[in-house]
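Consider the two complexes below, in which chain A is the common component and chain B and chain C are the respective partners.
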Partner chain A sequence: MWSFGKGSLSARFGRPFVKLVVVATVVFLSLPVVLTFISSFAAEWVGPLPSGFLTFGNWNDVISGTDVGADVSVGSSLLYSAGLAVGGVVINICVGVPIAYAVARYDFLGRSWVNVFAILPLAPGIILGIAFLRAYPDLSTSGIALVIGYSLLKSPYMVMAVQSSFQSMELQRIEESARSLGASWPRTFLTVIIPNAKEGIIAGSIICWTLAAAEFNFSYIVYSRGTPPLSIFLYNNITNASFLNAAAAVSVFFLLIALVTIALQIVGNQAAVRRL
Partner chain B sequence: MAADIDSAPAGLLSRLTEVFSEILRPQSEHQRERRRIVGLCLPFLILLLFSGIIPLLEMFRISFSEARLVTEGFTFQYYEQLIVDPYYRTIAINTLWFALATTVVSIAIAVPVVHALEKYDLPFESVILTILSFPNSLPGIVAAFMIIVLFGNTGLITNVIAAFSGRSPIDLAIATSVSGLFFAYLYSMIPRALLLLRGTYAEINTDAEEAARSLGATPFETFRYVTLPQIKPGLIGAFVLVFRTALAIFGTILILKSLLVWTLQIDREIAQGFNIAQASAMATVWFGFVFVFTLLALRYTSAEVSI
Partner chain C sequence: MATITLDTITKQFDSTTAVDDVSLTINDGEVLGIVGPSGCGKTTILRLIAGFETATEGTIRYDNEDVTHVPPEDRNVGLVFQGYALFNNMTVRQNVTFGPKMRGVGKQERRERANELLSLLDIRELADRSPKTLSGGQQQRVGLARALAIEPRLLLLDEPMTGLDAKLKQTLRQELGELLEDLGVTTLYVTHDQEQAMSMCDRIAVMNDGHIEQVSSPADIYESPANEFVANFIGTSNIVSSDALKGAVDTNAIENLKPGLNGDTQFAIRPDDFIIGQGPLKADIDNLFYLGEQVQLIVSTPDGTELTVHCDRWAGNDLTVGDQITLDVDTSRIHVVEGKGEH
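Up next, the complex of A and B:
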């Protein structure tokens, strides 16, 4: 028995222990999300559990905007952030797809370092924000600084998503077939390579869009006035509004992420869903 | 002598012009390929230059500035401040030990979870995967809010413990204490560690593990001597990236405010009197530290990094 390892501690208790860790982690990560969503429909939360269901007062405050604390409605922030994030995604596609192709298809001097710079964020939001304050002081009131910053901060996710598409393609063969059939190289790249990597590009765009719309650290430092981006709206709600109003505001954000996750599942990129 | 000194840069210059003219007017297929590679990398490099390198250099310059609002003169005073002032030293130590502790704990939790996901037949596995990756897209402020929901004054766990122990929930609420912050860090770091380790675990050679088991190794011995050596590069890589994440956390701490860390102090320098030079010096130190740390980790360990 002992020699076969059946009686050892890890054989008897290993699996239950590991499962316990899984359950605890899942509960720790999901319970507050569920509680927040449920409590956003409650009238009050004083005891252990929220009570006074079912009311839409909190949601109403968030959607139409109160004049206390978070003084704008979620709609304008949502639209503003959505627009900024689209701008960031457009830049990400223009810079991310070519460099992902260069690294996946060609072998050149410094390739691995180019790859490291393409997939590791150069600086996090707060550091880049401080850098932007002085480098582009005039841009900070417009959304342009936010768009440029989002695109640099989130470009690694685009590069990764597109690279995973390229890895499953026989790039050299595809490129050479197209070339031998008479297509020029730019035409090969634009009409053969890119359409084949469509899945990765769409998945990458969705991920970059969500992360840009949710970016807080950079927005907090750079944003000065005007319509607050979505994450600043959330911050205002969490710090200034009542607990249940904040719960409703955070729930709006949860719904957004849920929609995006479903969209990714429809696109069918499992790897991207996990990465999100 | 003078000719010698002149010829070196001139030689370099002519070589550079040669490379440029090759790229602009390629003669051979090899040169054309090189032009394509440069063309493909160029958009990214332009973005990197304008939104990364130029702002960071500007930040670097202002951190030596004597004047408050314009970049003027040259002084080390802000860096001296960081070194001699015990206030900043405490912050640096706080930041490092807290980031290190949270990194170690989140990886220690992520390894068994990934192990179970890869090796066991778990019910509702795809649901579990979705739940485990959901927090990856939440900003830090939301992670802080999640901790308030669990451990705040009205938090569920606080109230459950209060009901059992008969103590007041106010005394038991840990959301805005250092241990609450610890959980808040874990809330954003565990999913990230999981994501990084899943890629590593997928590449394990399961034949060796089965052989070890059938030769009489216990499950733990199998993990220790067969699985662990295989996931080591991935573990180190995950450690590097999760540690970077921990150092960069700002939104979470801005809400919970329970420990003065480097990023929070950077914000305070700006918020209290717009001391941009001091903030820039701190940000430069942060950037330099993380940059060198990452480079060394990639160079001298077997770390494999991906996002």
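Up next, the complex of A and C:
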């Protein structure tokens, strides 16, 4: 008979086994990132491991924009993509937060359908890109198309993050308390409801921004000329340059994502500390 | 402060009638409790008075002002919920000053008012803390201070002590009772906890299935329940027919007190109104529960009627299951109940 006592198999090996699985998973997932980052400082990669450390040549190529990879500097591409992603996040906040609030707060006809449409990805990026080209041929080559596309593709993440925040608070009672104290509904929403859901909004913004900045499929279909979004910039570097140049471009992207995520978390934490 | 009048109020949600033709007055400065089982409509009445629901029929008046269709933010009602619903994005002081700020009170005055209330409730030192870091009892005080800061015409308390431990509940009950008495603010206290309602309220309305069964003082409701529902809901009652008591008590004496009784008449007898060890009624002890201050006996009479009897713990210590005891009951303590209270 199997037993779950102190000397049983699960007691002896369960915890070490789980630890092993977690460590193996983390190593498997992070190894390519770490290796890519390290190799971006190598002069060459012949054989199993990169060699010729330490050089900033690859980073220099990416940052200054030589004609080795992409023909523009990473700076302009980064700024452009960051701006597009911010635009997408702003739309996601303006549309996603009210939808999440309505679904969490009210019981109305079609509520479950609204919820399903809000949290299901609308379409794969490539399909949405083709649809945009067909429906709005004039608009589709502009930055506006990219912003709208990013917001449509990433909106489920915002809705889910904010909805989770709303569901974890006593939404109806908080709202009713504020109104009984004399606040109108708009004031209650802006000064009580939204600040109380701030963690969810920040989390949703981080996810939406990160994914929008890295969105390739939609960008590849819709982008035609001018400064390329970051994902296209990376693609150009990866396809037209050596692997080490591509590694530097990918590292720039990872670094940027990490910095933005940390910055947004610091903003959130500082606000929480101020409250205390 | 104000006198609150509900005049033939009905509230329907689709085909469900939550409140059915209820008329009720909360007098100026009075603490009125509404008790009843879950789903009886007590919270709906509170929400109607607060303005979060609109009555299907009837009118609600604050003094002589018809507020039936006035939005909640214009009613000047202080509200304390079960979970307190504090604003976690603000400090305790900001929570308390929120209401006065919404009503245009100046910064200096609202700060003074907040300090005064926080001192009154003995939580002044928590003013700059986040509500998230407070215990349940402290949060309850903040919720109360926030509701009182707008100097409300009416204070609505919706199960404000649910979720607190028994000892804290007892302390807060006493403090809250004293505070409400000192402030003299008209208060509606909604609870399913009859003990809280009995100890804190000037009058109690017992609700069942959207109707008010009885409105009276706590003592009156306990001693003279209007019907079987009230007798069973408030405290414990033995509901027995007059036939079951024949030979055991002098039903003629009850007849003298309440003429017009017949065989179908139901009597309510409280478990602590039995006298053990004397009297004509024999009963066997089927079960025995030690409750601390009292011992609860479940006994059955020779005709199979089951009764609940309470005795002091020192008397109950000598009893065991299977013992036969004799019971008596003072006829003046027997109440005639008129129907089950069904509508």
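Remarks
Please note the rule applied: the second predicted complex is superposed on the first by the 235 of 276 C-alpha atoms of A that agree within 3 Å, B and C clash if a C-alpha of one lies under 4 Å from a C-alpha of the other, contacts with A are read in each partner's own complex, and residues count from 1 in each chain.
Here is the rule we go by: a contact is a pair of C-beta atoms (placed from the backbone, for glycine too) under 8 Å apart; a residue touches a chain by one contact, two chains touch by 3 or more.
These figures come from a predicted structure and were not determined experimentally.
Of the two partner chains placed by the overlay, neither chain B nor chain C lies in contact with A:Pro16.
More residues of chain A are touched by B (comparison of chain B with chain C).
Within the superposed three-chain model, A:Ile148 lies in touch with chain B and out of touch with chain C [touch as defined at top]. In the superposed pair of complexes, A:Glu170 makes contact with chain C only, with no contact to chain B. In the superposition on chain A, A:Ser180 contacts chain C only, with no contact to chain B. By the touch criterion stated above, A:Phe216 is placed in contact with chain B alone, chain C being left untouched. By the document's definition of touching, of the two partners only chain C reaches A:Pro195; chain B does not. Once the two complexes are overlaid on chain A, the chain A residues touched by chain B in the first and by chain C in the second are 275-276. Partner chain B is touched in their complex by these residues of chain A: 3-5, 8-11, 14-15, 17-19, 21-22, 25-26, 28-33, 35-36, 39, 45-49, 91, 94-96, 98-99, 101-102, 106, 108, 114, 116-120, 122-128, 130-136, 148-149, 151-152, 155-157, 160, 185, 210-211, 214-217, 220-221, 231, 234-235, 238-239, 243, 246-247, 250, 253, 257, 260-261, 273-276. Note for the complex: chain C touches chain A at residues 50-52, 71-79, 81, 83, 85-91, 98-99, 102-103, 129-130, 133, 146-147, 150, 156. The touching residues of chain A, counted against chain C in their complex, run 169-170, 173-174, 176-184, 187, 192, 195-196, 198, 275-276. Touching chain A in their complex are the following residues of chain B: 32-34, 36-37, 39-44, 46-48, 50-52, 54-56, 58-59, 62, 71, 109, 112-113, 115-117, 120, 122, 128-142, 144-150, 154, 156, 159-160, 162-163, 183, 186-187, 190-191, 195, 198, 213, 216-221, 223, 244, 248, 250-251, 254-255, 263, 266-267, 270, 276, 279-280, 283, 286-287, 294, 298, 305-307.
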